[in-house]
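Quick heads-up: structures coming right below.
Both of the next two complexes hold chain A, though its partner changes from chain B to chain C.
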Partner chain A sequence: MGKYILKRVLQFIPVFLGVTLILFALQNIVPGDPITLIGGDKALPPETELQLRIKYNLVKVDENGNAVLDANGDAVPTNTWERYIGYMGNLLKGDLGTSYQRKIPVTEIFAQKYPYTVKLALCAIVLEAIMGIGAGIISAVKRYSFWDTLVTLTTSVLVAVPAFWLGMILQLVFGVIFKVMPISGAGGASSQFQDWMHYILPAITLASVSTAYTARIMRSQLLDVMSQDYIRTAKAKGLSNRAIIWKHALKNALIPVVTYIGVDFGAMLSGAILTETVFNWPGVGYEIYRAISGRDWPIVMGGVTLVVLVVMVVNLLVDVSYGFLDPRIRFDRSSKSN
Partner chain B sequence: MSTMQEPSPTQRSGMAAKAEKSSTEAPRPSRTLWGDAFKRLRRNKLAVAAIIWIVFVVIVALTADLWAQQLLGSPTSSDSTTLAQTSLLAPNAEHPFGTDALGRDILVRVIYGARVSLSVGIMATAISTVIGLILGALAGFYGGIWDTIIMRAADIFLAFPYVLFVVSMIAVIGRSLTNVFVAIGILGWPSIARVFRSAILTVKENDYVDAARAMGASDMRIIFRHIFPNSVASIVVYATMNIGGAILTESALSFLGMGVVPPTPSWGTMIQDGQAYLTTAPWMMIMPGLAILSTVLAFTLLGDGLRDALDVKMKDA
Partner chain C sequence: MAKKNSSHVDLKTLPVPEGQHLLEVDDLKMYFHTEDGIVHAVDGVSYTLDRGETLGVVGESGSGKSVTAMTIMGLIPMPPGKIEGGRVTYRGHDLLNMSEEEMQHVRGNDIAMIFQDPMTSLNPVYKVGKQVGEGLRLHRGYSKQEAHEAAVKLLDLVGIPEPERRANEYPHQFSGGMRQRVMIAMALACDPDILIADEPTTALDVTIQAQIIELMQEMQEKNGNAIVMITHDLGVVADMADKIMVMYAGHPVEFGTAEEIFYESRHPYTWGLIRSIPEQAIDEKKPLTPIHGNPPSLVNLPKGCAFAPRCPYAQERCMNERPEKHAHGDGHYAACHFADDDAFVAANAPDTSRSRGEVALGEPVKANRSTSEGGEA
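Let's look at the complex of A and B:
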């Protein structure tokens, strides 16, 4: 078990390095000098500019922290590789750099934003689990009935709906026509209850597509399990349908569903850029999106680095919990066949 | 095992059909993979409806230049002198889908938007499929170090939050129709590569591959003549579904302001335009949304239908 976890953690390292390297390379291809972006319209005095270049690791520095100058007295720029190594070194110290435009540490920005994303993801995942598993069970148990058809059609439609459009339709119906829900934003409301009302529409939007997948997986898994021998045995010994489903079939059918929900939770924690944009949600996804539009690369880099770390940790937890849920899975064996 | 036959050279499948005929009592007229699949597909009402809808959208998009502008006006330019009378009109006889803030007919913009969506869907899928096939073939056929490198690269691509990845890429390479399908296409290869890789791993074990190799066939010949025809069914199913996914991604990109450059109409951009008029002119965002929904749904249902008709087993992914 410990060995398996270690192996998985070691597998993360190349993936993590690859993702950050790709992003780092991308941001270095982008035309435009970051220092000009920081200065905005006004030209910066040369000393300030040099200080900034040192701060953002854009020029080489000697041991005393002074810029290395070439024969003409100009600072020597660092290459992408050196910057990347510098970035990763700072990352190990817990430093994700400083925003170009807002001039505050990236870690500080995401410390503010992450709680909103986590809370929204929790609401969405609860919705997804209840609705998805419920609908999946109903449609499997009452196979080919009206309810089964309804669930199948609804899931097909949900998968084809652009989530951001669904969010706007919800805003239109519940916010504009019936005026029962707030349209956008989070927090700042007069009461705790009002605060929670802000979560409902974004959570439904965020959960929509994955609820459909959860229901589909639940249905196919339950049908699969119901056709197995041990269920036939249970039937033969005279157990009621209800007892068979709740006591025997569901336990096994749920395993892949729980895995899917877990992985999906990780994906939701990466910040739902579309949902958050539609609802002006002050979360991670919206922040990264704004930073991309504004070319504020430290936020983009830092945000994506954090997001990838979170997704990987959640996936690892899901994998490990898989072993507890399903004793048939032996970690030593799975690591060999991998 | 008629479903395992190679469909391409007519001569060979004709011979196989003869062989089957002689061995069975009541021969069926068509015994090619695609003939059988087409028959099964025709019985699937949802898939037939999906095909009809896709054909309709394609024809409308292709012929739009011949009639749409005459009937409904220009999809891109607007007349500022008459703006007060023509903007934000609710759906009516003259403008079935209403007009937007610049007085442009929404139906004609939806029609021209179909061009963007369909071309992105098809081109992005084509790019993903080609890259996916090449990398999947390398990984599956040669295994070893190729397999490790390519599949780890696929992990890297899949570990990335997808929309963020596409948006960052567009931010780097700039906004244009070509860049949109390049970005979506390049980022879409890992799933196709995985499908093709696992298909190859299965097919590779068959005796006829050994036989071909024993007869001195080259790797390329084995891949193209023996393995590819046997995994083409699953690739077709995957690609069909991928078109719908690419259309969704394009609409999301356009919605975030990272798609094609206005005034070219795109369904996602139209929804974004409509966001500001949600309370006063909701049809601005409803209509393009319905266009996305129906088109993506059609490709999904067609994919489902093809999967059943071609008897492709797919993993939940």
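Let's look at the complex of A and C:
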């Protein structure tokens, strides 16, 4: 197992280098100059603009800290490669650079934003696991019953409805019409209870589509497992239907469901841009979205870098968890047949 | 080791009522109601079985041999299945009218079953020892520890080397033959009265097949249980069965002792099966003779004899009239219009059959017969 994990961690390196390299290349392709955008509608004074470019290492400087000018008197942009190497050097030291627009270190921004995304993702994943697995089991066990039809119909609708639309409808119904739930932000006010109220609607919105998929995967897996030979063996042993489902079928049927939920959790941790935007949620998804609009590259780079790391780690954990659920894929124990 | 449910009485501890057999199947009919029509999967099967006896049930795929066994075990989902008639009594108790809860006490405890494919019949996510001991925990209320110890002993009994270590391994770490041994250990865990084996050797290598059959016989000698051996290969039951039932299209076409089926058979389908035993082809002069064609659809059975379309001796009458069972001595019967016609039988039965007269005597097939006798308990 240790060997397997080490191998997987080493595989992070090329993925990581590839992703950061592509992002860096994209900065040069995407239209819009970040420094010009800082000024908004008004043009910055040329001197200020040059100072900013020097500060963010966008133009070459001489040993005195002055910009190197070419024959036309324009500043010479720094080489993308040089900036990339410089960025990676800083990254190893834990420095993600400074936001162009907000003038504070990127690490500080994400240290503040990430907890909100993680908390929202946790709420959503718990909801998804309980509701999805529960509905899937009921649906499979009571196949073709009223409950099965209800689950099948509901999941079809949930899969088809876009998350942002569902979010807005929830805001309208629970926030505007019935006025029972907050519709914006993550709270931070009077009481713990009121803070928690802020999580309900975004979590439902974020979990909706994946809950529907979880229920469908659970249903089809359980039905598939129930028709396996080893279920017949268990029945021939004299086990009751309940024992067969809970002891023999569920553990087998859960393997693909856990995979799906795990990968989905990784996706949620990378920030749900739509949900966070609809609910004004102070998480990483919304932050990265705003940074892209403003060409605030240090935030985009830092955010995506973090997200890539988190997704890779979560995927590794999901893969390792297979081993506990399914003995056939335990990694370094040799499965020798005699 | 106290019983989990003390109010429940193990049926296998009760005596067989006077004048009855351990297991009696009487005119059992199991039909499946499907969109295409009614499938007559089992249509009038009868047999009796006593402790220590082995019944071979032989027939092609779809002849109803597995469905008969699954019906007795109550493993057929109903619907689509429906019992249309007949009785199954075990030690005088009607199995077909038992509640699901009562049947759960019978399954694995009084009557156990092993299946065709050992590769898929074990749960891949549980350790082998746990699966073997599960029945003991259920039926005898063993603790985890007791069940594990018993499982190790059972694995040792069925010839699995290093049972202590193997009990803690998963099914994928076992070969096919070893898994079938595990299945046998699992089935025999609660010391059942009857072991139903549904094609237990079909998925195994030929060399392993003999070992598994030997193991089942050995266990039978030790425990005295009855065996119902379901197979499509008459050769498999040749040296182990006391009685053989030949099934075709849901009907029993011939029933008798192993002796009678091999040497005095009177049904053309049985002859076809005998002629397709590979051992007969060792002598190159006797080629392997297949039965041509396929079994009929069980939805639209021919109105005459179900075997008639494939029978080389079929006549006008066979196409129109369903044959009755013709008895030949105690218990032996064949469902063929010409079963009573000695001249017909003598002319067409395979060389093994004594019905052919002196032709068969002194032939090398004699060797086959001695093994058959050896198998009788």
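Following the convention adopted for this analysis, the second predicted complex is superposed on the first by the 285 of 338 C-alpha atoms of A that agree within 3 Å, B and C clash if a C-alpha of one lies under 4 Å from a C-alpha of the other, contacts with A are read in each partner's own complex, and residues count from 1 in each chain.
Simple rule for what comes next: a contact is a pair of C-beta atoms (placed from the backbone, for glycine too) under 8 Å apart; a residue touches a chain by one contact, two chains touch by 3 or more.
Just so it is clear, the structure is predicted and the values come from calculations on it, not from any experiment.
*Asks:* After the overlay on chain A, what do you see for chain B versus chain C, clash or fit?
*Replies:* In the superposition, chain B and chain C stay clear of each other.
*Asks:* Report the partner of chain A that touches more of its residues: chain B or chain C.
*Replies:* The partner making contact with more of chain A's residues is B.
*Asks:* Scan A:Ile169 for contacts with chain B and chain C and give back first, second, both or neither.
*Replies:* Only chain B is touched by A:Ile169; chain C is not.
*Asks:* Answer with first, second, both or neither: which of chain B and chain C does A:Val126 touch in the superposed model?
*Replies:* It touches nothing on chain B or chain C.
*Asks:* Go through the superposed model and pick first if A:Asp326 touches only chain B, second if only chain C, both, or neither.
*Replies:* In the superposition, A:Asp326 contacts chain C only.
*Asks:* Let me test your reading of the model: by the given contact rule, A:Lys235 touches which partner, first (chain B), second (chain C), both or neither?
*Replies:* In the superposition, A:Lys235 touches chain C alone.
*Asks:* When the two structures are overlaid on chain A, which partner does A:His248 contact: first (chain B), second (chain C), both, or neither?
*Replies:* second
*Asks:* Taking CA centres after the superposition, what's the angle at chain A between the directions to chain B and chain C, given in steps of 10 degrees?
*Replies:* For this superposed arrangement the angle is about 70 degrees.
*Asks:* Just to confirm the value: shortest Cα separation between chain B and chain C in the superposed three-chain model, in whole Å.
*Replies:* Chain B and chain C, overlaid via chain A, are at closest 13 Å apart by C-alpha.
*Asks:* Which parts of chain A are in contact with chain B and also with chain C?
*Replies:* Chain A residues touching both partners: none found.
*Asks:* Quick one: which bits of chain B touch chain A in the complex? Just the residue numbers, please.
*Replies:* It comes out as residues 152-153, 155-156, 159-161, 163-164, 167-169, 171-172, 244, 248, 251-252, 255-257, 268, 271, 274-275, 278-279, 282, 285-286, 289, 292-293, 296-297, 300-301, 304, 316.
*Asks:* Show which residues of chain A lie in contact with chain C when the two form their complex.
*Replies:* Going by the criterion above, the answer is residues 228-230, 232-240, 248, 251-252, 325-328, 335-338.
*Asks:* Note which residues of chain C are touching chain A in the complex, please.
*Replies:* It comes out as residues 73, 75, 101, 104-109, 112-113, 115, 117, 120-126, 134-135, 138-139, 170, 172-175, 178, 183, 186.
*Asks:* In their shared complex, at which residues does chain A touch chain B?
*Replies:* Going through chain A, the ones touching chain B are 14-16, 18-19, 22-23, 26-27, 29-30, 156-157, 159-162, 164-165, 168-169, 171-172, 176, 183, 213, 216-217, 220, 256, 260, 267, 270-271, 273-274, 277-278, 285, 288-289, 292-293, 295, 300, 304, 307-308, 311-312.
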